[in-house]
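Next, two complexes with chain A in common: one pairs it with chain B, the other with chain C.
For the complex of A and B:
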């Protein structure tokens, strides 16, 4: 019985970490139809900014996190304005090549600036400890991740489905010519959406750093995990990504408790089975 | 006319300059250093380079009275085919007298036939599988092996009345080696390994494994993890899930390596490891080593990789002295077999039979000294052979 509870708790926490890292990519990929393989590089930039602000510049954690997210969004916006916007109309292969190249560039830049060591984001006292759940303890930081993940899911779904900006975004992607002639500021919408994707990546990089420590190869190391979550969840589907992340997180955690000798086999088997069952995403009908 | 007269003169001048340079180098001893200088393991290469150059600089730029030329070759990660190709080129084209370096066991094993045939003495700075030195008569190792540091740790644990231990190792070659070493020796001392957990190499969330360790009812966990993220993830999970508080001791080897140590912060305090080198080893030789390393490269860390390279250069120096700078592999190796010296890690010697370094292994505990985490040596287990070859 304890094992089952453990699997549920650890699986949920792990799934939420996967979700906060992956949700930004799901949005850029699904809503902007832009194959952004440098997503994890943006996550890394966000994490490094936070680590730098908290550790080197001695900022307060709660101040440093929004600042790091804004910095990542700004980097995303600048890159979008300078180069990435020329790629929207190019073929997927061009987008893949360019963004992978961008990842390599950011890896090398990170390595040169901060060195190859793992970087930690020091947590404030309230988050550094553990919370007693009765039958076991759970790191307090995981509770923040679970809460933040649910908030991000709800917030992003609301913006895309209910706000004027969400309408503009969907219109701009579905038919940019018509949207433009209706007076929708296409360039602003594209740039802001990409920056928002980068900001979500940065947020995920910061929150996920406890499980996926920051180092230069972060940008490629966890890309597969993120792509799996996005593919299983369905591109652009926020609820789908959330469901996929939690299901895969629980499966991975269960295999660690019960059959660790099999490595990540069950995680990828589950991915294959879910994709075969619902190729367009877990919650798409 | 295809060439102007002036261009011809320039070309002649340039070629004579090249010839002169080649003649000057003909007098020098060439040492090829093979290791990862790019990619995720590039810090090993950087430490090899810093330590080797710091050593040569400390000897006034000459080893055994001869100029030395260090030639670096980059293997990236574990890549035996590439390592073999690079070493072949070093031996045949660059005509190196000595080889050094090697982080990964497969790379070292791949070059064994080449150095055997060409009689090129090769000093392994790091690659830690026991069997390597058996593969060629020209291997000497100044690093360590997992058996060498794990066996004394298992004996110590048994002496502390720890009867039940769970092993949790990363599921790849060195991890399995570590698991075998601990289980074997701990059983011999009358202890029980209650569970052996093998953690997939791609693991990011160590929480579940730590819960299993907690549930196993063991008094201690012996662990082996590769440096970097896995190391950090495991130690975080160990602390956050309150293992230390519930009385499960941490027993490790290279986990609190100086390269990662500062990143752990307070979470590393109190961790127990057995290892052959601590950057905080209290001796004049170590202080000189740390100072020389910092002078050469302020970013370099005094750890097992840099001390392995430093001592490796000492061994090469002694081999150059013994052969008068000529290439004579058998004579050089014969000299290396008898070496005995005071290393930054403590008193060491090259074991005449195995050509592996015999060194003191220490029990260490992480402490904060002036805001910096150090591996404080609390007990010496005395000189240890490579227990892996004794099996």
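For the complex of A and C:
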């Protein structure tokens, strides 16, 4: 029973981390039609920034995390303005190659700047302890991860579906020419959504630092996992990404607990089965 | 798709232009013969680099097979290492448990690669685009997990080793310098290149190209799209299996990295570097990439990532097709 409960909590937390990283990619892929394989590199940049600010610069954790997220968003915005926007109309293969090249470059740069060892983000005392829920005690960090994941899901869904910015974003995607002639600032919308995706990735990198250790190859190691979540959830679907991330996170955690010598077999079997069943996304018929 | 027609310079005599627009008329044996001559020349000139040459030939064969899938059939895949590794493990296990003859092992590798491609293709080819891409990744990872689990057969993380490969054709034993290995790999590469050329130029190959360019129209013309693609996928799998078998026999060890995602991605990079869809581009890309890898990685593996990262970004910003065209016009203007 305890094992099942641990699997549920750890799997849920793992799924939430996957979701927070994947949702930005899902939005750029589904709404902007841009295949960004350097997305996990943004997650890595976010995590490294937070680790640097907390450990080297001795910042307060609660101050360092927003700063790291803003830094990642700024990096995303600058890259978008300088190069990536020229690739929106190019073939998918070009986008894939360029962003993979960018990931390689960021991996090499990370290694040159910070070295190959795993980076830890020290947690403040409030998070390092555990919380008594009455019937069970849980690590506070896990609860924060799950809460943050739900908040991101709700916030992203609200922004895309309800706000003026979401309307602009969807209009710019559907027909950029018409949207532009209606006075929608397309360039600002594209740049801001890309930066927001990068910021979410950075946030996910910080949240998941305990489950997915930060090291230079992070950008490639977890890329496949994140792409799997996006594919199974359906591109551009926030609820689908959340469902896919939680299902796959729980399956991966359960197989690590119960059948660790099988590697990632069950994760990828589940992915193949889910994709074969619903090729356009878990929640789309 | 980059066929040779798009690369011709604008100033052409009308008769020549018509010739270029017609389906390929070059004899299928010409390009493989050039490869044979260049490969033999390289081996003769650099006798101390035969190991590197063998690696290049094997990489070229693998990328050639990938070109059949990506460049000719238009199916973007990131799981091609699955067939390569399966061919390698099949050849290694065959040498260990049945008999050490290299040609029989090669045939087993070809068969294993083709069978896996046939079986996985029957499932994968029902899907298109991004779903197809991700499912190829899933298939490759499933094969990798199974190989990791089946320690008794594959050696798991330690790799499969301890098998010996007998003399080629009963006469030429594999020597320490790697001379026999290099020429063996070159011979298989040239042969497979010829086969691939014939396959691509055949009516079947043209049908597959047509499916790449417009699937709906080919279906309307009565082409059985699924069956044609599956046949091409299986043929490419067989060639990749041959590359895997070669790698197993010449290295005398098969590791889990022969099934890895990184290998699939690297092969795709090599293909794009040389230009997809032309077969010869696959060979050029493999040679350039392997040589760069060899020099940069011997200095520092992370420097290698800088180099390949820059190379990838440069290839996208300045596409090789455009660069080749520019170079050709320059050379043409000079002469």
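The rule is simple: the second predicted complex is superposed on the first by the 277 of 285 C-alpha atoms of A that agree within 3 Å, B and C clash if a C-alpha of one lies under 4 Å from a C-alpha of the other, contacts with A are read in each partner's own complex, and residues count from 1 in each chain.
Note that a residue touches a chain if its C-beta (ideal position, glycine included) is under 8 Å from a C-beta of that chain, and two chains touch if they have at least 3 such contacts.
Owing to the predicted nature of the structure, the values given are computational and were not obtained by experimental measurement.
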item	value
First, second, both or neither for A:102, with chain B first and chain C second	second
Which superposed partner A:168 touches (first chain B, second chain C, both, neither)	neither
First (chain B), second (chain C), both or neither touched by A:260	first
Touched partner set for A:279, first chain B, second chain C, both or neither	second
Contacts of A:231 with chain B and chain C, given as first, second, both or neither	second
Chain B versus chain C as contact partner of A:52, first or second or both or neither	neither
Touched partner set for A:269, first chain B, second chain C, both or neither	second
Which of chain B and chain C A:2 touches, first, second, both or neither	first
Which superposed partner A:94 touches (first chain B, second chain C, both, neither)	second
Shared contact residues on chain A - chain B and chain C	111, 216, 261, 263-264
Residue ranges of chain B in contact with chain A within the complex	40, 42-43, 171, 197-205, 207-209, 211-212, 215, 228-229, 231-233, 236, 240-242, 259-260, 263-265, 299
Contacting residues of chain C [partner chain A, same complex]	76, 123, 126-127, 130-131, 134-135, 137-139, 141-142, 144-146, 148-149, 261-262, 265, 269, 272, 302-303, 305-306, 308-313, 315-317, 319
Complex contacts: residues of chain A adjacent to chain B	2-3, 6-7, 10, 13-14, 17, 111, 115-120, 122, 130, 136-137, 139, 141, 210-213, 215-217, 222, 225, 252-253, 256-257, 260-261, 263-264
Chain C partner contacts - residues on chain A that touch it in the complex	29, 83, 87, 90, 92-95, 97-98, 100-109, 111-112, 216, 220, 224, 227-228, 231, 235, 261-265, 268-269, 271-272, 275-276, 279-280
